[in-house]
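Look for chain A in each of the two complexes below; its partner is chain B in the first and chain C in the second.
Up next, the complex of A and B:
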């Protein structure tokens, strides 16, 4: 890009080029202006605002009675048994859900990219379909399956052992949440893995086969290392998003109720960290404390992400030039 | 760019390697291979079925009588489909009022976010300026920051400014563009040949005209993808609507989170399920119409 733009500019004098660069820069800031303004006002400022009030007892109403608490809210969070319990539940959810989702979508992607597969497009479409369904509909769907009284699972189990009435949504809510997340998340990850797998140069795989490797050896030595960057990116995104899970556990309990849905508190096992934060802010009006909890999660997420980044050099394979992956 | 072309190429070359092995095979080998193919498709079809059963179960539920829906032992199929549930879904509550609000919100956001993100994407892709790379890293970083982290502080601010209970938050979010969409546009615009732009520049076009007359008219697929993602995001969202709007502005998502009730306050599940199906339908139709653009968009943003 630089080379061609220079060749066009050659006839111009030096001073004019400086003026042109300034003009281009001005256009650049004009074009990105709305985003930049939005970023400052709608992301940066709210985050800093949250940081400031996290050191106070702000309750969302009265600015006059605001008191500076120093690190008070943060120290309180460390002793908040509900917050720590919620964090543990969130970690367990993430620890099961993220690897399960990656493994499952990767296997499906692998199956869908292999040799002469018929109806590849149909399979891909059907696996992707759940991820475009709105969350409210998704939760309805899983309620229909898991409900104690009219759910499909209990209905089918009752055919074998009459009278089965397991309260899946109450007694095993985290399991339901994990299954539901798998159902939602598989499609998107699968599509990305498929693209990654298609970026693996065919010659390398064929060379391995000709050299006498079997399919599994070829996969271990060629295919898998070449898609580790994609796995890595998905892993990071998975960790970040699963730690922030909020609306799914609330809806899973509250769906179909006739009022006060957003104040529903999920059963204890699904009492996730963000649910706790949400309750502190919206039910208890503890804005300052809620903001401190939010910042703690932000720091924790950042730390986890950095740790995963650190491990990446042991298992993520980086090519010098990644031609294939850029389709 | 085209996934399909890639698929076929891959299929034919690896397929050739496999068939040369197959020619050496005996009858026993051929039978073994047939079993393997059978198992392969068996596993795939079982997995697809597991993914589709929940959706099919929703459809079946929307066509049952409430008595059948709660029947014990379980009734898989309705005795005869109750299409009337769909009529009830539209008439028991002011369905079109809720749907209209969802549509308004989604269109408002979609139009603004597509324009704003296309501008920013063009800015990042085709202009050298001090600070550009740093700002672009910021965009990429924001793709990874979950919205919820900024949403709660935003709620605190908006409630002070009196913007809660209005559509203004969606307008502001739209104008601000979205890192995800900006990234999509940037990747697309960066692939345009430089010569086009230079020719226009020599003709004395302003950057705005270069954008409007050269880049935008050729950005059909990515505009479609961006618009669909934006529409899906608002139409399918529940969380933001439920905290930034109140009951008098309830959208379809907010309404459908609770069940329809009869005059005695008993839940009418099957009618609600019919409404849920109607609610999902537009997204599914759009998905089937624009699958290629959607898949391409997911891939662009998912592969860095």
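Up next, the complex of A and C:
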């Protein structure tokens, strides 16, 4: 009613506002249109297509003779011992690597935002460098370093104890994978943390120091709460990326014949969920089943993300008070 | 606000309607079957058609230009869109190191009516193109995959083209080309091939281990190889500084096993290819146990002590005593002559035998096939002929990276260095045992066997499963994949 009376009382202003709104809307849609079109064609449609084929026995080549299996692929996944094993390994990897990545990148960001640190630019570049090296090159460097017989680490250890041959990539593959993931991921996360830390108002920290807080107290009461939205963002991304790890375990610790990537299998401890999916789709030609596995992963990722969102009200600081949030 | 202005306004609902319509149109355009009329107008502007051979009554190929005929005699159909100045577009999915830009250009210069676009070989892209109904006209594959492609109706029978071709005579085809023959049809050709079971020995390793080099005329037994592997393996403490044998699985475990069984007149697959009976076939179990024991003794690269790279690379670096590859690998040894074990520092040996009967066929046979859905089969054949008998084939023959697909090109294999001459002597003898054609299963991709083998071998070596369980797991994985494949074909 109020709107109606306003439109009657102020027709001219409303007309100007309307024209402006249309202009703004037009530009808004013009700019967002290409992205949305790309999203629909390149993301939404493939996702829905994958959902459809997850109910079929599509194998990548039999589109004309494809059969509907109902929930068959999903039920198969629940009984697939390799899928369950791979999921367990992936969860362990995520549980260890995500917190470690947050911790390392946050600590490095803290150090590199200190104004008194000399050559900050050099250190920032050095820490960020691993993130921009192509993943294949990175993994091969690590293989050369970690190889049992000809690797750099064992070569150095052999100087002290000749003949040392620790099978890093076979006996400790998950540990190596986690360390390598840290090495690759820390730089990118560090940059985001640095942006967050630089957004913490200096006057608040200075006020805390004047009030007698020591550095740790200042960090705990001022800095950390103000960057929790960044921690939250990084945590969500970390969970998503760690559940989808694929290339690193295959290339880092893959073993198999010379017949290409499709016959390359990581050792059992590094048999991650996406490796199983890749194996099912490209080696076993089970596109339908692979799509079902991917949708199950999507549901799991969504559930974990929602749980983190639900808990965020208890530990993420929002300048605007959240409904139901702890005060 | 009046109705017309309301209609003019781009609100969220209208925007989303437009968006959905655009996206739907784009998706339908991408996924829908291509419109033949549109296809023809866009690729054949001169009006000369290139309809499927059996249906077309059109035109003739400029045979004089290419030195080869194209049309199957009985169909009376041909390509030759060039005559009227039109352009037929061919898409060829092949790797650049096997089909150079210069070779493509040379073909187009000689055939101005045909435009060839080479795209990189990519399994995912291929499946996407196939799903969209627009597969590449010609594409790269391996011989043992051909039955699977035929059963799915993906590849074109080129038998009639072969029968009427003056450039590609069936009598001149090397035996490896039989991998492209299935149920009476001839679906393509190898680009080159190799007897795949010869050995390459590292001379220095034998010398250092004080082991005499094996004969270059008499084949070794596999039992001899296990002894050699032990003698040539070199360790420093726990480190393996030289592994005795690089790759007992050859190119793939499953196909190597098939050949070992074929020596003993046994088959891995049941006659109708619907399953394998691994645990029941004692000869198969014996060979796999042999490999398992070698892995356990750590005298071959294995899941607990894997190769730092791949066995071929390790060989030229002097990190293995011997490897089992085909003639193609001599190309790598020759071109890395300055490496630790390049050129004359290696020696080419006959293929070993398990039972005493010698078999040394190709088990990969990389080559080219044409898509059944091609709109330009005659032009595709023209390019196929050029690639298989023209300048690219000559270049490949001279390179030493594979035995030519045509017997008439055999003399062009390189024999300049001492190593190449030694290789040729052994190779010519190997040809006597190369006629066997691997029985390829049409229902599944046999990489399943190798992935299952590798994964279960690791568990068996760690002691978490027994060898018998390993065999049962592999059998179960493979049979499940075959069953799925059979159901998918329908």
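Rule of thumb we're sticking to: the second predicted complex is superposed on the first by the 275 of 327 C-alpha atoms of A that agree within 3 Å, B and C clash if a C-alpha of one lies under 4 Å from a C-alpha of the other, contacts with A are read in each partner's own complex, and residues count from 1 in each chain.
To be clear about the criterion, a contact is a pair of C-beta atoms (placed from the backbone, for glycine too) under 8 Å apart; a residue touches a chain by one contact, two chains touch by 3 or more.
None of these values were measured; they are calculated from a predicted model.
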Exercise for review: Could you say whether A:286 touches chain B, chain C, both of them, or neither, answering first, second, both or neither?
Suggested key: second
Practice item. Applying the touch criterion given at the start, work out whether A:170 contacts chain B, chain C, both or neither, answering first, second, both or neither. Key: second
Exercise for review: Considering only the touch criterion stated at the top, classify A:209 as touching first (chain B), second (chain C), both, or neither.
Suggested key: first
**Study point:** Touching partner for A:77 - first (chain B), second (chain C), both, neither
**Key:** neither
Check your understanding: After lining up the shared chain so the two structures overlap, which partner does A:252 touch, if you call chain B first and chain C second: first, second, both or neither?
Key -> neither
Check your understanding: Counting only touches as set out at the top, which of chain B and chain C does A:135 meet: first, second, both, neither?
Key -> first
Exercise for review: Going by the touch definition up top, name the partner, chain B or chain C, that contacts more of chain A.
Suggested key: B
Practice item. Considering only the touch criterion stated at the top, classify A:272 as touching first (chain B), second (chain C), both, or neither. Key: neither
Exercise for review: Please indicate which partner A:184 is in contact with in the superposed arrangement: first for chain B, second for chain C, both, or neither.
Suggested key: neither
Exercise for review: Considering only touches as defined above, state whether A:25 meets chain B (first), chain C (second), both or neither.
Suggested key: both
Study note, to complete from the structure: Residue overlap on chain A between the chain B interface and the chain C interface 25, 29, 33, 36-37, 41, 45, 60, 144, 149-150, 158, 162, 255-259, 262, 282
Revision key, fill the gap. Chain C partner, complex, touching residues on chain A are 18, 22, 25-26, 29, 33, 36-37, 40-41, 44-45, 57-67, 143-144, 147-151, 154, 158, 161-165, 167, 169-170, 255-260, 262-263, 265, 267-268, 271, 279, 282-286
Check your understanding: For chain A, which residues are in contact with chain B within the complex?
Key -> 1, 4-5, 8, 21, 24-25, 27-39, 41-43, 45-47, 49-50, 53, 60, 108, 111-118, 120-121, 123-130, 132-137, 140-142, 144-145, 149-150, 152, 155-156, 158-159, 162, 183, 186, 188, 191-192, 194-196, 198, 202, 205-206, 209, 229-230, 233-234, 236-237, 240-241, 244, 246-247, 251, 254-259, 261-262, 274, 277-278, 281-282, 287, 290-291, 294, 297-298, 325-327
Check your understanding: Can you list the residues on chain C that touch chain A in the complex?
Key -> 1, 9-11, 15, 19-20, 22-23, 26-27, 30, 123-124, 127, 130-131, 152-154, 235-241, 247, 249, 251-253, 303-306, 308, 310-312, 319, 444-445, 447-448, 450-451, 454-455, 458-459, 462, 464, 481, 484-485, 487-490
Point to revise | Residues of chain B that touch chain A when the two form their complex | key: 1, 3-4, 6-7, 9-11, 13-15, 17-18, 40-41, 43-44, 47-48, 51-55, 57-58, 61, 69-70, 72-74, 116-117, 119-120, 122-124, 127-130, 132, 135, 138-139, 142, 144-146, 148-150, 152-154, 156-157, 159, 172-173, 175-177, 182, 194-195, 198, 201-202, 207, 211, 232, 235-239, 242-243, 253, 256-259, 261, 265, 267, 269, 272-273, 276, 279-280, 283-284, 287-288, 291, 295, 298-299, 302-304
